[in-house]
Amino acid sequence: MRTQIGYLVGGGLKENFRVRLTVSPQEVQEGAFVVIESGNWLYYGIATDICLGATDPRFADEQSADRFPPQIAQALHGQTLYADLEVLPILMLEIGPEPGTAEYRAWRERLSEEPRPLPIKHIPPHHAPVRLAAEGDVFEIFGKPNETNFVIGYTREQKHPVCLNLDRFVQRSSGVFGATGTGKSFLTRLLLAGLIDRNQVSVLVLDMHNEYGYDDIASDTKQNVKGLKSLFPGRVRVVGLGSGATIRGQPPDFNLEIAWSDLQPSDILMLSRELDLTDTAATVLDALVKSFSLHEWFDRFTALRYEGYIDEQDEKTGKTRRVPHPESVEAWASENGVHPAAAKALHSKLQRLRNKPYLVEQPAADSVSQIIKALESGQHMILSFGKHETDLDYLLVSNLLTRKIRHAWEKKTNEFRSSGPNAPEPRPLLIVVEEAHKLLNRELASQTAFATIARELRKYYVTLLIVDQRPSQIDDEVMSQLGTRISSWLGDEDDIQAVLSGLAGRQALRGMLARLQPKEEALIMGWGVPIPLPIRSRRYDDAFWRELLGSSNKRSSSHIMKELGY
Amino acid sequence: MINIGAIWMHPQSGQAPSTEAESQLIYGDDLLEEHTLISESALSLKRDLRERTKLAELAERLQKPLIALTDGPIELWGAKGEDARAYAEFVREHLHVLARLQEQEVILAGYVEKPFANLMIRLLELTMAPQPLRREDLLASPLRGVSDRWLFGEPGQPLLRAGERSAVFGLQSASSKNYRGVFSLHFFYLNVGFDQHPWPVRVEVPRWVAEDSRKLDLLHRALVEQCRMMGSRPYPYLLHRAHETARVSAEEKRQIEAWLALELRRHDGEIDDLSHKQSAKQLAGRSRNRSER
Amino acid sequence: MSQPIPIGRLLRAGTTAFVAGCRVNQGALPSFGALLRIPLEESYQVYGLIYDIHIDDDGLVRQLVTAESVAEEIVRDNRERRIVPVEMSVLTVGYEQNGRLYHLLPPRPPLSLDMVYLCTPEEIVRFTERLGYVRLLLQASQIPIGEVIAAHFLQVQAAHPDPQWQERAIHEIITLLRDDYPRLMAVLSALSEAIR
């Protein structure tokens, strides 16, 4: 049963509802999920502000408790001083007359479909009772926990389970945000565990700090934290970067090596800052592709000598001249109309890449294709960067891999769309991008595959899950394309604004975000979340793992076989 | 209606005085005497007699010594001429009452404030007039216009100092001959006021009191005490209270009339209306001023 | 049947208030804040609350205070024996018709000479069960409202101690005077004394 906390006294759709509290203001929190009942309708909203008031300011100014005996002081307090709740109304649901009555039957007959929660269009009258949502209300709005509805957390007041509809969640790109140390990676692990368990999409995690694959130790509790591979040994593969790489002392399932022939000028240009390229680089790269071809330019160019001279005799005069070695950069530059200094500059910077252990002339296996195939068949990949933790490594590999994957998915989608009605849909893919601001900032926004994916809105069955602590650094357009956002505490005003960009009721949510507890609390909002709600996040711990695996074990053997790729 | 009030107290007892009021409604045939309506003066006599009788009744209940005060001379006044027989009857009854008082040794006194009979001056005139006494000589006396009160109470240097009494004199008048023997009337003057503001009054006493110096002293002292209680306007406190107890206020009179009217109407009687003059006088004058305080 | 105040009569009356006079010795004075009733007809009576008691200036007392001293007997005579004219200003707080109580101004005011009765504890409890009359009380101007209410409170509590009634009455007062802060504070201050 719902606990009554007050009644409606004013406000509206534009400026939010005002509720007169009939309980102590200490019993209601900001962000409380409330239900307003009126006639045949229920209205759902969240409390966005709590403030004190008085029927006359003098009652508030003077302490009647001192002047009057307790009986009078209490009566005065109760009648002249009050607390109001500001409620952001969001949804309404038609529940009809009292069940069991004739009116109820008549109403049901008139319905063309089962009533669903709708965006609020009309408002309840004055004095409508306002109550805290009961568990049933939370289930009505957020869904009852089942295979599709994943419990992401609990309401703060009464600890009702709050679900995220995973199928909806993956229909758009999404984001997990929060300042450092607020539990972003836990939230992400939670989500990924749910998604992998649900197994409707394949997940590719770009694990910059090697956190997700194998077990870890929590920095504060020093407890063991299960990795995704421990939880789902049959479905999850850990990929290491470069042959011989180990992840946390363990060998990965296989290693990723990238052929030089895969490198494209756009990949290089994306690394302008890391490689400290000048403006001339673009022109040089253009010329390189023209002269060497798209697949050979890197190999051929970086193989050239930086400097070198030979003596050449002029056939006519017989005099010897010093000329650049034919295999030198200078020689090539003059041959192709490129400024030699520019070419030399690029050449020396590209050596860094050539020396990378994971960039090879001939990879041992086509690991990129392996990854793609595995994802297509329903496996989940965690690309751990091992010891290659620089921004350069992260940017290059992430972008290149994603570019190829997206290309593969684009191809599959086009095939699917042109083939008959019985063709299988491409397996949806979710790419988890850590430190997203490195890849999705304004500068790079136009250049990376990620930005493209974000803008494409799942056109080709690929979406992103951005994990980041500096959302203000992420390109605005990308942020506004995000559907679901889950955010822990953020301290920076700009970051808060960024997370809320494109959402209704921003002002109210702003305060809530800033006032979250530093750990274990988050605000869920955006597309796919019916009502923005602050929650106590579910713990990624023993209890969770047992529950998850327990439910997993209940599945049929045929199901399991299917998961293993058979 | 005849209303009398009586009040008595024990000095230095610390106890509140006691009061009694008596009302007598005379109506119907009792209002007729010899087929004529009883006169105002006859009613007054009735009342006075009733008062004295009340004193006697009370005296018989109360402890002695007892001082009994009436307002005015002891002798009953009025209505002498109208009905000699009725008057004689009054006197007889009065003497009967006096006898009861004397029997109880009550110190009876009549308090005459502002007496108009200037007995002392008359006496002085007699002593000053040449012998033999002639009416013309007396009328031409240089003391004409002088009052006993002035004689005894000249402001600043009164003959009687504050609280002093004069010698006791015998009263000689036409009517006083009815009171003989132990009932014969005497008087003395008493300054109940102050040296700067003397206030001489005449106190009448019957013989049994006049000849008893102890009774006189008690009376003297009691009168001065009683008058002092009234502060700047000396008058015996108890006499004032007795008046109050007896007095029928105008509102009460109206209320009694209204009750009578109600009863008469209930028994189908008829009542004459107020004279229009009277009803005009009774129109609300100061009606709302009190509540606006 | 309650004690009639001796010779209690109406001097002047309106619908909102009336003045009753009585002649009692000072020991038997009705108290400030007391609830009175005046039966007008067989099934109609008006209720009022005393908000002022006025004892007339008295010539005799003025005299007595000029004396050097006042004997004990005189003091007691004045207090216990002398009938003094007392005027009581009474605020109308309701009426009863055919057995039903109405906390409204009466359709007809009391008439001159109507007898005035002090209400018994049972009558007080019955009249004050509902609190509509408080509105009439608070509407009156130029009366010491705080003191009247406090005295009335004490009277009601003496008739029937009931903390719930007190609570309801305080509640009603606050509701009616919520917009008149100075007045409300004055009334509550007076009430504080009564319920302390």
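To keep things simple, chains are lettered A, B and C as they appear, and every chain counts its residues starting from 1.
The working rule: contacts are C-beta pairs under 8 Å (C-beta built on N, C-alpha and C of every residue); 3 or more make two chains touch, one makes a residue touch a chain.
Note that this is a predicted model, so its numbers are computed, not measured.
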Q. In graph terms, with chains as vertices and touches as edges, which category applies: line, ring, star, complete, or other?
A. line
Q: Identify the chain pair joined by the greatest number of C-beta pairs in contact.
A: B-C
Q: Averaging the CA atoms per chain, pick out the one whose centre lands closest to the mean of every protein CA shown.
A: C
Q: Provide the C-alpha centroid distance between chain A and chain C, rounded to the nearest whole angstrom.
A: 77
Q. Distance from the CA centroid of chain B to that of chain C, rounded to the nearest Å?
A. 42
(Q) What's the distance between the Cα centroids of chain A and chain B, rounded to whole Å? (A) 118
Q | Shared-contact residues (touching 2 or more other chains) in chain B | A | none
Q: Can you tell me which residues of chain C touch two or more of the remaining chains?
A: none
(Q) Give the list of chain B residues in touch with chain C in this complex. (A) 7, 9-19, 228-233, 237, 240-241, 244, 251-252, 255, 258, 284, 287-288, 290-291, 293
Q) Hey, which residues of chain C end up touching chain B in the complex? A) 7, 9, 11-12, 17, 19, 21, 52, 54, 60, 63-68, 70-74, 76-77, 79-82, 87, 89, 113
Q | Contact set on chain A toward chain C in their complex | A | 55-56, 58-59, 64, 67-69, 71-72, 75-76, 79-80
Q.
Residue numbers of chain C touching chain A in their complex, please.
A. 166-167, 170-171, 174-175, 178-179, 181, 188-189, 191-192, 195-196
